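I have a structure I would like to understand better, so I am pasting it below and will then ask my questions one at a time.
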Amino acid sequence: MSTDLLRWIPLIPLLGSVINLFFGRAMGKQRAGALASAAVGASFALACYLFWQLPATGIFRDLVYTWIQSGSFQVNLAFQVDALTAVMLLVVTGIGFLIHLYSLGYMGHDADMVRFFIYLNLFIFFMLVLIMGDNLLLLFVGWEGVGLCSYLLIGFWYHDDNNTIAGNKAFIVNRIGDLGFIIGIFVLVAELGRQGIWTLDFGELQKHVKMLSPGTITLITFLLFIGATGKSAQLPLFVWLPDAMAGPTPVSALIHAATMVTAGVYMTARLHFLFALAPATLAVIAVIGAATAFFAATIALTQNDIKKVLAYSTVSQLGYMFLAVGMGAFGAAIFHVFTHAFFKACLFLGSGSVIHALGGEQDMRKMGGLKTHMPKTYWTYVVATLAIAGVPFTAGFFSKDLILWQTFSHGAGILWGVGLLTAGMTAFYMFRQLFMVFHGECRADDHAKAHLHESPAVMTWPLMILAVGAIFTGWLGAPEYLWGSRWDHWLAPIFGPAAEHHGTVSTELLVTALTLAVVAAGIYLAYLMYGKPGAQTAQQTANGIFYDISLNKYYVDEIYDFVFVRPFTALATFFASIVDPWVIDGAVNGMAATVRGFSTVWRGLQTGNVQHYAAMFLVGALALLAYYLGQLS
Amino acid sequence: MIALHYYLILSAVVFAIGVVGVLIRRNLIVILMSIELMLNAVNLTFIAFSRYLGSTDGQVAVFFVMAVAAAEAVIGLAIIISVYRHRQSLDPQEMQLLKW
Amino acid sequence: MIVDLAIITLKAVLVVGMVLNLAGVLGWIERKGSALIQDRIGANRASIFGFAGMGLVNTLIADPLKFLFKEDFIPPTGDRFLHTLAPCMALFPALVTFAVIPFGDVLNIGERSINLQVANLNIGILYVFAMGSLGVYGIVIGAWASNNKFSMLGGVRGSAQMISYEIAMGLSVMGVLMVYGTLELQDIARSQGALIRDLMPSWLRFLSPIVGWLPAWGIFLQPLAFLLFFTAAVAETKRIPFDLPEGESELVAGYHVEYSGGKFLMFFAGEFAEVVTVAGLVTTLFFGGWQVPYLLRDGFHFPWGGTWLLPHVFIVLLQVAAFTVKLIFFCWLQILLRWSVPRFRYDQVMRLGWKMLLPLALLNVVATAVWILAAQ
Amino acid sequence: MDTASLIFYLLATLLVIASLLVVFLRNVVHCALALVSALLLIAVLFVTLQAPMVGVLQVMVYAGAIMVLFLFVIMLLNPAALERQRGLWWGFGAMLALMLAGVLVPLVMTNDLPADPVAATELFGSPEMLAKSLFSDFVLPFEIASVLLLVAIIGAVVLAKREN
């Protein structure tokens, strides 16, 4: 096969975006949406074909052209597909395609649907550049591009100020992380350059990183990880992701659950050879991952907004992934990325279906009893909830257990304990949500009740496909005591052979059993507090200091506001009101005044009379001629 | 036979007279005519040189000068007409708003 | 030397005399002709001893005399000098233009060969246009010097009209010049002695029996150019249907409202001289000039075979006579035209000149160029 | 003094007088007519310099077209008032022009110039020779000149057209 095909995977969505940009309005909403979906579908088909063709150890490269050439430093616009990229490719294009289809139904009533699909296609393009780029700079281009699309889509309904503020927040918080990221790139280039190696190619980097000193590597990886905390919503930069739920729900599913936020994990996996050399950074990552997982889970316990719960759940699951990264188990992290994409997308789309049915209502306290009205949504939701809770033989069970087992077997007992606790909380808040939304009495107002309906097929079919994925994708990475992992085998060429197990099978089974017990406890607690008939009303009034803290998200936003935003605003106000008008404007105006002063004197020469000018012209000509005459004689 | 100097001096004198017209007259049409006079003084030198150096290039140059002069006169007169419509005057010294 | 000078002077006097006399005769023909057209007698007072037919001679003398003895009125607010200069400038170009029009082939008397043309310039036709373009000044200056609003209007109209039609006229002649490949009028006239079949490209030979026997006159080679040139030239003479500068029903008498006596006579004569010049040009450019069909230097050579040799002097006389006949025919045609068609409106005149004649003339030039390239 | 010199001096004197009249006559129409005569004199000078083609073109283009256009505009606008002249500026301009002549004339005299014309063939200055030069060496400027004239036509129409 021709490797030239590679470039078309990102290019087709870009084309779709550009065509819709110029002709979308003329084509009409439905056709524009169909075009956008078809573009992503085509990419998906190509990706499947590539996946099929990709040999076990192989790698496809497609050099489009040389982007930067400066001395021996060369950056290509080139795409590559190896096993890792292929997995991400399938997730991004496959789930992206499903979500496009879903959006056809979900956004069908929105006047700005064409714009939505332009953004969505553009996002797919940048995400594909991110995962397919064969060098760090191209990855960074995609990284920034998806950030931009995320910003655009969070503020998609820009008529509401809160949405644009949420968009700004996402953008600004991400910039903080990106600053670390780009400094990391600079340090990497500069340090390698000092060794005479000028490159950003992953392949080249992998060959040459050993030349760097351990301290440098720690610094670089730490800076890169700061970028990852921004993009993947880890402590302390996670605050933007819950707010990002202001965007349309398909966006939350695609960008803020399945794909973009996992870019940080992908980045660390892509640069695993670098991170593997920095144990200090890995330790930091593991601690931050575990802390984030736990912290976000505690917040999710009490949230009432259906999407907020899912958002904190996403943060929490991302924490798991970084916990795995911190253990050096990159394969496990990517595995969790993979399974999480399915069940979290399914959950988000399910919640979208609910919100759609209720005419935009997101407060779970005003839901309930939807089971009978929306059976398809309900059952897919149940499946995905089981998966995220980690019920055996669902996707989440395999991937989460793998992470916990890796943590345990690495001897990080405390982190394992935190993860275990988080698993229990996850089960609790997810079932709490399930009970609040689908069981019990319907608490929606009459108007919303009257319009209750199951979503159209174009929305339910993606849900069902994702639900199937939420169960079976996990089977690829089954532990050794079952049928063994195809996953490790697949990723082995990238990350090396699967990490050796320190424990025995019996220990592993014991750990799993412990996890299952905690999960079961969480589910049962949720049933007691929310699932039992009459329990919910009792919980409405329950509160306490921990409940308040959790409900208010530990006041993190307020603390950030007080510590960072306000001093910064004050400084900006100072510059805007003192420095700009007096110092800068003063200098500029002073120059202008000086020039004007001189001009007032000189403008007397400009009489506006053509004949005066002609006379001046003649005087000049005379002077020249006289000089010439003097030269001659 | 006449030496080339004489033609050149004649044309210099005519040229200078044209310059006087451009400088001192207060009627745009006469100024334009003085410019035509200057152009013709230059044409005379072209033809004289052409004759005395035995090259037709000078005559070709005059041909082009005529084309340019025709264009210049046409545009100049069109401008004069539109100016006169607005100002009811042909005095260049009354048209000096274009300053500062 | 002296003989040369005498011959040149003789030719000049002959031509100027002919033009002026023809102008006078035309004045009489116009009166009688218009009377004929309008079914009246016309000019019946001028007779000698009761012979009305002698009125021609009578008019030739009586008209100028009458004008010369009238008061020469000069408007008090006008410009005396320019008022006098204007009629001279109107008459002068019309007279000198005829200098380059050949009225016969070379006449050989003994050793000497006389070119029957006053001045043989190698820029011939350009000279015609140069002089023609000077004709405007008569009107413009006369109009301005009279300080009369009617004459001023006439002058403005006249200058615009003449400049407009000069362009169409010049461009229409271009095709003729391209066909004959020369600017000299004598050469053009001489070229028209050939037959069309001599000029035909080989791939058109099959038409030779049908049109090949025609003489290669301009009218056959450039029919469109003839129409354009004739129209434009008539417009240049400022006669009906193009007499907008005069337009007696609108402008009293236009640019010569304030003229009387001898000066008016000069305008009058200038107009007829222009008529004669136009006729001469049309004859020379399009109707073979002094050529008689099939008459070569030694006699007739008929295309269907057979020759009829004639003595040289007789041939030359025949040619001069042919030229004169053609000339008078075209003078008469113009007078006929003047009494047959109504006057245009001014906007119609402009539209005709710029939007009909000019594009057609350009088209003719391009078509001729293509034809010449194709025929090579 | 031979005939050629005589003719030159006569033409030169007339030309200078006509030029002076252009500049110093107060009536615009008189100025224009003086300019016409100056242009005709220059045309005659061209002919004496073996440039009959250019001479005739001079008459056609300048005297026949450009100056008629001038007269047409003068009569169209008919500016009645004679212009006032300001003595000081008048003297300044005249002085400048005198200085110009005072620089140009010595400049001409100091250069070594041919005293006699090159012997010319019959063809020199003829339409054929001019056309050959124009359509071979100067084809590009020729085409540009035609574009320039087209632009001038359009410009004049746009400028002189009444609004609405």
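The first chain written gets the first letter, and so on, giving A, B, C and D; residue counts start at 1 in each chain.
Just so we're on the same page, contacts are C-beta pairs under 8 Å (C-beta built on N, C-alpha and C of every residue); 3 or more make two chains touch, one makes a residue touch a chain.
In this text the structure is predicted, and so the values were computed from the model without any measurement.
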Required steps from chain A to chain C (each step between touching chains, minimum): 2
Ranking chain pairs by contacts, what comes out on top? B-D
Of all the chains shown, whose C-alpha centre falls nearest the centre of every protein C-alpha atom combined? B
Rounded to a whole Å, what is the gap between the Cα centroids of chain B and chain D? 7
Here the gap between chain A and chain B, centre to centre from mean Cα coordinates and rounded to Å, is 75
In whole angstrom, what separates the CA-based centres of chain A and chain D? 79
Report, in whole Å, the distance between the mean C-alpha point of chain B and the mean C-alpha point of chain C. 35
Of all residues in chain B, which are in touch with two or more distinct other chains? 19, 23-24
What positions in chain C touch 2 or more of the other chains? none
Any chance you could list the residues of chain D touching two or more other chains? 53, 57, 65, 69, 74, 76, 89, 92-93, 96, 100, 104
In contact (per the touch rule at the top): chain pairs: A-B, A-D, B-D, C-D
Sort out for me which residues of chain D touch chain A in the complex. 89, 92-93, 96, 99-100, 103-104, 106-107, 110-111
Listed in rising order, the residues of chain C that touch chain D in the complex are 79, 82, 121-123, 126-127, 129-130, 132-134, 136-137, 140-141, 143-144, 152, 155-156, 159-160, 162-163, 166, 183
Going by the contact rule set out above, which residues of chain B touch chain D in the complex? 1-10, 12-21, 23-27, 29-30, 32-34, 36-37, 40, 43-44, 47-48, 50-54, 56-57, 59-60, 62-64, 66-75, 77-82, 84-85, 90-91
So in the complex, the part of chain D that touches chain B is made up of which residues? 2, 4-5, 8, 12, 15-16, 19-20, 22-23, 28, 31-32, 35, 38-39, 42, 45-46, 49-51, 53-54, 57-58, 61-62, 65-66, 69-70, 73-74, 76-77, 79, 83-85, 89-90, 92-94, 96-98, 100-101, 104-105, 108-109, 113-120, 124-125, 129-130, 133-134, 137-138, 141-142, 145, 148-149, 151-153, 155-157, 159-160, 162
Interface residues, chain D side, partner chain C - complex: 27, 29-30, 33, 36, 52-53, 56-57, 59-60, 63-65, 68-69, 71-72, 74-76, 78, 126-127
